[in-house]
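Consider the two complexes below, in which subunit A is the common component and subunit B and subunit C are the respective partners.
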Partner chain A sequence: MATIDVHNAPRDAAGEALPLYKLYRPAAHYRDREHEFDAVKMGVWVFLATEILLFSGMFVGYAVLRMLHPEAFYNGSHYLEVKWGLLNTVVLLFSSYTVAAAVRNAQMGQLTWLKRNIVITMLCGVAFLLVKFVFEYSKKWAEGKLPGMFFSYPGAHDPSEPLWWGIYWGATGIHAVHVTIGIALFGWLYLGARRGKYGPEHYTAVEGVALYWHIVDIVWIFLFPLLYLVH
Partner chain B sequence: MSSITGTQGHDLPHGGHDHHDVSYLHPKGGAAAVVWDWMTTVDHKKIGVMYLVAVLFMFFLGGVAALAVRLELFYPTQIDQATGQVVSGQLFNTGETWAKGNETYNRIFTLHGVIMVFLFIVPSIPASLGNFLLPLLIGAKDVAFPRLNLASWYVYLFGSIFAIISIIRGGVDTGWTFYTPYSTMTPVDHWAVVWMIVAAFILGFSSIFTGLNFVVTVHKLRAPGMGWFDMPLFVWGIYSTAIIQVLATPVIGITLLLLVFERLFSIGIFDPRLGGDPVLFQHFFWFYSHPVVYVMILPGFAVISEVVTTHARKNIFGYRAVAFSSIAIAGISFIVWGHHMFTSQGEVASAIFSALTFLVAIPTAVKVFNWTATLYKGSIAMTTPMLYALGFLFTFSIGGLTGLFLGCLATDLHLHDTYFIVAHFHYVMMGGTVIAFIAGLHHWWPKMFGRMYSELGGKIGFFLVFIGFNLTFFPQFILGTQGMPRRYASYLEEYTFLHQLSTIGSWVLALGLFTHLFVFIHSLVAGKKAPPNPWGSLTLEWTHAASPPIEHNFHHEPVVTHGPYPYDDVLPAQTKPGEFVLPPPLPSGRKAH
Partner chain C sequence: MANHHDHNAPGHPPEHHHGGHVIIAPSTLLGVLVALLALTGLTVGLAQLETLLMQSFNIVLPQWVNVFVALSIAALKTTLVVLYFMQLRYDNPLNTLVFIFTMITVCFFLGFTMTDIGTRRSIDRIEGEYTVAGGTGLDGTGTPITVRAAQAASNPDHPLHHAWLKAHGHGEGGHGTKRNVGFPLPAGAFEGSSAWQSRPVTGLTLPGFAPEGDHGDGHGHGRGGH
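The block that comes next holds the complex of A and B.
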């Protein structure tokens, strides 16, 4: 991507400095901005396909182990508190709305709301992790509800419950890593948005990160019922 | 017709009046500047060359391990049944115990497998030739995401470092398949196992980056006028490969991640002691690793399609059949993984997977028949690439057909885990992919480095490789049918002759490969300067780009007006004299198509 000299930026007819997004030049091997936007968007979609397949391993593991040890998984879901899972689901669904709104803001040139929506989405991500760590992970850790060899919870009803915790920690842990990466990406987007990098002529990065955030949400939409609701 | 002859050499660079006109190999300043330029380049050609150097180095390392394995089997470890003392076999157990010698052998063949699969053959053709050629073949300036492309090389390097750390710590003895529960319990160095699994995990990202880049490049960066069915078949092969890389690699990612958790934290998912399921690991593993077999072979098919058409000067027979068969193989590859597990899964599942496995034979046979039909009445030039393509048709067909024996349940139960299967996949991987890789290297060498190589040297190399390869692996088919199990450091006396024949073959093979190395180095140092189109090929990288190409590939974005192989419309007389090494003239009275 071309670097732009902010202080000597070209100005419009009225002498106002043009915002950075109007100055954006696509990489040399693309014909124009549209061409680059199309290619990047397709790249993001292909990447999302890889994400789905990554998580599919966890889901297949869940299905197979549930089939082998239905009792352990039945007990397991009773150890989880639906209210925290539900709260996190609401938080993520709301953030999906705000990130979609951010893309719209960029397209419409509503740059103040673009920044606000990016920040709100990022805060939702942080809230999700806080709920996860403060109300769920730390408690379970303290009670010894841990995977495999680390399992030390005395009240287990089924010898295979350590497996359930393996799936729980594995699936939600990998998801939490994705949330963390999402938060970092929103921080990066915010810095760019503050400098005026995104607007109607150029919002590729906003769209790409938004798509990523949607897939993080969708994975949770599947994890929530599988882990918390199915008895 | 005029549009074809009109473009010959038309857009090739003339002077050196502006820096965009110089070859991509032209050094930019002093030694430090050149190194920095290569390390930070986003030019797909340079990244392709860097990958080429890296994978050839890994091929060398994996090859050394293979020679060591064969050497052990020349004089195998043997013990006196009565006393339990080692009586012969000097390579891996001098002065040590029988068990120690066997364990060393296990590490060496694991080393061979891991290096050859993850570090050599998966990235081999796509990352080196594919990176270099894909944009050139579709008339683009670069791949869609050049920085991601560079990242993929660094991720590959990073993954290799992890593998090397593991090797330095003593290596692993799990086999390249890391089957649980052995891989989570093996007594070799704990961290060696962890680093090796992490290495494979990291290398997966490199593969995904390359695949993602290629999928988008093929969709979005084709030159104006190039429809899907105007693409050279190399592009179809690489595109199918990229689809598999993108869809299968994440599954090995999660599998290896869970395996590392299992090894480090004993989370139990694959551990039967905790109620986990080791067969689940096999399913996960082969859901990636079977499709990845086609990541290894489809690029080989891709190369052969180009070599056969160019050096026989014939349009491909059945363009769409060859193109669609690549896609069909990519699709079928995802539903046959269970044939690696005939002995560990239920009978019904095995029967279904067996039936599905036979489907692979159809698109594969379509390709082989179409290449053969392309040769028919072509004016075949017996160049080194063509010799390799012909060798490929022979060895790959043996590899493919013996696959049917293994896909059939009844015969597989006898042949399972014997040398038959070792011979089968070496005929496909080495006799298919590696042979095609060498064919492609000779075909595109003048384009990549702007130098011709010694044809005589290339041919000598071919005959050594071809004879050595068959001598190494054909006896293994016989050994397998006679019951010689794979992965053993020792064997009964009856197998001695065939094993020793195989080992001698491995030396001939190594000699052939070193001949090629010597020929290539000689070409770089003292080779004749290559013309833009030494073979008289009609694809864009030969007709519209210099040898070696300029930094931006083409002076102007090429406009494509015809399919990739209109040889039937181009009489040899119409190609520029002196520019092409023309194939022998057609016998009088015969038309060119």
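The block that comes next holds the complex of A and C.
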């Protein structure tokens, strides 16, 4: 892998130590930094393809159960409060904007704003999880609106409602796990940004994590109308 | 950094290349965010419009209309995110190919599955045996899990007794009472739903000719009280 020998690293005209992103050398099997950047980006896109297919499994499950139990899904969507879903959507869309801005900051060498945008994105992810857990999950757990065999809410109008809750908890739960992983990745990015690892000459990791976060956002863009709005 | 020029100068091209990498202008990013938020508002507005139409004017749109509209807007939002936030527009075309083929795969997955489920009623009605599959959470006693939960909560000591009271406060009448779902339903809602059936049905399956013995858990015509 590419390692940086900071002590013997080249220095600039004044003899000052160069920032880490200027010292980055790609792994040996790449022609140059550009080659590595393109290869990493394509690898991330192929990984995102697998993520899309993962979530498409949940969506097909939603479609199948919805077609077989229309009443349960009609009732089920009325249990959810649109305002929290809308708030979460706005938070995630804004976080997509800030992470795209962070990539731009890295490209432009605006390192302070890079760190700020990474932190803002992370906070948006945390806010998403907070809204989800405090205002949605905890209430549903307390009321017994749980998936499948754990269901104990007495006011169900349809015997198939545990299936609706299975879809709800499964889809939003897996999405929440992805948001958590994204927050951890941003934490790692922040630690690197603090050391000056990312800049115009090398920002591959920022780009990769940003792409992942956009997919997480896209999945929620589809989950929100299907679960909250379509009755 | 070589070629250092003012990125914020007027007349500066919105996206340009620095050593092969395209940098998107902040105005473009902001514009895309505003568009995404507007489309979100539009989706919510249209969904509430559909509810308004149903409650105030008793116009019930077919369910697929709302789904189609909501998913179209979601697809448009996704396109914006993918093209501009993920910079696929300015990227190696191979990545676009990866993404498009993934979406085609998803369309196959979803399309064929929905076509299968959606046309299961269209087979030979005289001799066909078909199963409208799907668990109802039946346990060994044959009671749906939801009925069991309701029975458990009818006990005043149960922590969810308040929810049971709210759900069964009215609508306890006998046959023909419309159940209380907490929101107004248009006339004739769900009368013809087949989702109650979860077991194979053979022989004549035309409406009205279904074999009597198959309504095992007591859900016959209409909606009785709980």
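Rule of thumb we're sticking to: the second predicted complex is superposed on the first by the 224 of 231 C-alpha atoms of A that agree within 3 Å, B and C clash if a C-alpha of one lies under 4 Å from a C-alpha of the other, contacts with A are read in each partner's own complex, and residues count from 1 in each chain.
Methods note: a contact is a pair of C-beta atoms (placed from the backbone, for glycine too) under 8 Å apart; a residue touches a chain by one contact, two chains touch by 3 or more.
Being a predicted model, the structure only gives us computed values, none of them experimental.
Novice: After lining up the shared chain so the two structures overlap, which partner does A:204 touch, if you call subunit B first and subunit C second: first, second, both or neither?
Specialist: neither
Novice: With both complexes overlaid on chain A, does A:93 touch subunit B (first), subunit C (second), both or neither?
Specialist: A:93 contacts subunit C only, not subunit B.
Novice: So, A:35: does it touch subunit B (first), subunit C (second), both, or neither?
Specialist: first
Novice: Tell me the contact category for A:167 with respect to subunit B and subunit C: first, second, both or neither.
Specialist: It touches subunit B, and subunit C stays clear.
Novice: Does subunit B (first) or subunit C (second) touch A:109, or do both, or does neither?
Specialist: A:109 contacts subunit C only, not subunit B.
Novice: Please work out whether A:149 is in contact with subunit B alone, subunit C alone, both, or neither, and reply first, second, both or neither.
Specialist: In the superposition, A:149 touches subunit B and subunit C alike.
Novice: Under the stated touch criterion, which partner chain does A:46 make contact with: subunit B (first), subunit C (second), both, or neither?
Specialist: A:46 contacts both subunit B and subunit C.
Novice: Mind working out whether A:121 is in touch with subunit B, subunit C, both or neither, as first, second, both or neither?
Specialist: Touch status of A:121: no partner.
Novice: Could you tell me if A:69 is touching subunit B, subunit C, both of them or neither one (first, second, both, neither)?
Specialist: After superposition on chain A, A:69 lies in contact with both partners, subunit B and subunit C.
Novice: What's your read, subunit B or subunit C touching more residues of subunit A?
Specialist: C
Novice: Considering only the contact definition stated at the top, list the common interface residues of subunit A for subunit B and subunit C.
Specialist: In subunit A, residues 38, 42, 46, 49, 53, 56-57, 60, 64-65, 68-69, 72, 148-149, 159-160, 162-163 are touched by subunit B and also by subunit C.
Novice: Enumerate the contact residues on subunit A facing subunit C in the complex.
Specialist: Residues of subunit A touching subunit C: 34, 37-38, 41-42, 45-46, 48-49, 52-53, 56-57, 59-60, 63-65, 67-72, 74-75, 78, 82, 86, 89-90, 93-94, 96-97, 99-101, 103-104, 107-109, 143-144, 148-149, 151-163, 200, 210-211, 214, 217-218, 221-222, 224-226, 229-231.
Novice: List the residues on subunit C that touch subunit A in their complex, please.
Specialist: By the definition above, subunit C touches subunit A via 1, 7, 18-21, 23-24, 26, 29-30, 32-33, 36-37, 40, 43-44, 47, 50-51, 63, 66-67, 70-71, 73-74, 77-78, 81-82, 84-87, 91-92, 94-95, 98-99, 101-103, 105-106, 109-110, 113-114, 117-118, 132-137, 144-147, 149-150, 152-154, 158, 160-161, 163-164, 166-168, 179, 181-183, 190, 193, 195-196, 217.
Novice: Enumerate the contact residues on subunit B facing subunit A in the complex.
Specialist: By the definition above, subunit B touches subunit A via 135, 140-142, 144-146, 208, 212-213, 215-216, 219-221, 246-251, 253-255, 257-258, 261-262, 265-269, 271, 274-277, 280, 283-284, 552.
Novice: Which stretch or stretches of subunit A touch subunit B in the complex?
Specialist: 27-29, 35, 38-40, 42-43, 46-47, 49-51, 53-58, 60-61, 64-65, 68-69, 72, 147-150, 159-160, 162-163, 166-167, 169-170, 174
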